[in-house]
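Both complexes shown next keep chain A, but they swap its partner, so chain B is in the first and chain C is in the second.
Showing the complex of A and B:
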């Protein structure tokens, strides 16, 4: 579809870019990205994707906006406290950009629903804050052959990597299994500096955009870590060998999704 | 000198920078490799910037014609990157 005059103006700073142009902008307008978790990571990711004109954005989250979310979850405002996060997120996006269709899923992802949920999307963003969900998203994306961006944030640190089927290790290749529950603090107990979600969530949006327009190099086969206190980014090369992985390897032993138990304090 | 033949034309006299170049670029993207776009633009900023930006994108600037009414027409041949 040709871009309207309004779209040419709205996306002019994209269209000017050699790597994007009208062709790339049209790819963005046709793309479908699912964001799981409308929290510290998902909020900025959703907003940059919406502003970029990603035509369909799905948001899955079961929670309601809490006052303690607002320090970092910038898609929600004070008046949204008590509202479903997916509803609050949709309202913000609708205000930002009428070109975006928002699909909302007010649910926790589980082995029961995740494969069907991701099937319809081109790229998945893991914006969750717990290990069971991260492994579930990884395994489901491997099984459904969907590219996704993993990220995690805690205190003053953040990390992310990108999985593209056949182009490098998955999250389980690198991290094997969730840590024993209650062994590792989540950001709820440990705290997190609000802008960390902005840094890492925006990088996740950047990976999604590059995947969609097909330009540049993704964080496939690499883990990018960020330490805000020392102000250091590190790009760590991950082992190339994936064939022993229990989910993405040659002889997978995980062929059904697993619902790992969540740490007590993360349950509502 | 014979007139240049072109495959499509676009008028960017109603735009200001950077939408001048953006509108021309969008029109050029709709053409096939080797086809020629005629771009009508105002004197001044567009004449300074649009030909240069087109060259930077790798396209071939064929001619800038003075229409003697305060506008110019730029002929650009599309070169795929």
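Showing the complex of A and C:
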């Protein structure tokens, strides 16, 4: 589909990049990305993907905007407090870029709905705040053969990795099983610096964009960690051997999705 | 001997065990940390018996659950 004059101008800083060009921009406009969780990570990810002209953005979140969200969830404003996050996010994106179709799903993901939800999308962004959801997203993406970006943030730290089917370990290869409730501090108990969502959520958007345009190296087979206090990024190379993994390995023992007990961050 | 921990080269005593290193590095909630040595995961049940060798590259991978 040829770009309109307005699109050529809007995306001119993309089109001028040899890695993107009109061809890459067209790929972005045709791409469908699902963001699960419209919070600290999902907000900046959604906004950069919308600005980049990703043609279809799905947003799944059951929550409403709370005043304590606004320190980091920049897709929502003060006037949105009390509004469904998916509605508030859609309004912001519509205002940013009319090229983007926004699909909203006001729901928590579960074993019942997630496979159907992700099936329609090219790339999934995990912007959730709890381990049951993170394992659910991983397992569903492995089963549906969907690439996704995992990320987590806490205090002054963040990390992310990318899973692409057949190209390296999944989240479960690394972390095996969710930790028991309250065994590992969550963001409400521990706090998180607001800009951390901006750093890591933007990196998730970057991974989605690189995957869509097919350029550069993804964080497949690596976990990138970021410490804001020491201002250090560290890329951990992950073991290549995935054959023993209970979900993405050669003889998977997890063949049905699991709804682990919600030990969520409870951070409205 | 010299080893690399989290990308940082450091000197440790010869024959240091993995549990000793975990203590030395003040690893938070060690029972929920994934350890890799030279890009191989160390199974939970192997941690106690693992001895670090000169030149080993050790990484601690932490659960990070926040996002909202």
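Criterion: the second predicted complex is superposed on the first by the 264 of 268 C-alpha atoms of A that agree within 3 Å, B and C clash if a C-alpha of one lies under 4 Å from a C-alpha of the other, contacts with A are read in each partner's own complex, and residues count from 1 in each chain.
Assume contacts are C-beta pairs under 8 Å (C-beta built on N, C-alpha and C of every residue); 3 or more make two chains touch, one makes a residue touch a chain.
Computed from a predicted model, the values in this text were never measured in an experiment.
Per the definitions stated earlier, placing chain B and chain C onto a shared chain A by superposition produces no clash, and the two fit side by side. Residue contacts after overlaying the shared chain place A:176 against chain C, while chain B stays out of touching range. The partner that reaches more residues of chain A, of the two candidates chain B and chain C, is C. In the superposition on chain A, contact of A:17 is made with neither chain B nor chain C.
Once the two complexes are laid over each other on the shared chain, residue contacts for A:258 go to neither chain B nor chain C. Of the two partner chains, neither chain B nor chain C is touched by A:79.
In the superposition on chain A, A:3 makes contact with chain B only, while chain C stays out of contact range. Within the superposed three-chain model, A:238 lies in touch with chain C and out of touch with chain B [touch as defined at top]. The overlay of the two complexes leaves chain B and chain C separated by a minimum Cα distance of 36 Å. Annotation: chain A has no residue touching chain B in one complex and chain C in the other.
Put simply, chain A touches chain B in their complex at residues 2-3, 8-9, 12-13, 15-16, 18, 21-23. Interface of chain B with chain A (complex): residues 18-19, 21-23, 25-26, 29-30, 57, 81.
Of all residues in chain C, only 6-7, 29, 31-32, 34, 36, 39-41, 59, 61-68 touch chain A in the complex they form.
Note for the complex: chain A touches chain C at residues 37, 39-42, 63, 69, 73, 126-131, 134, 151-154, 157-159, 174-176, 179, 183-184, 186-187, 190, 192, 197, 223, 234, 236-241, 265, 267.
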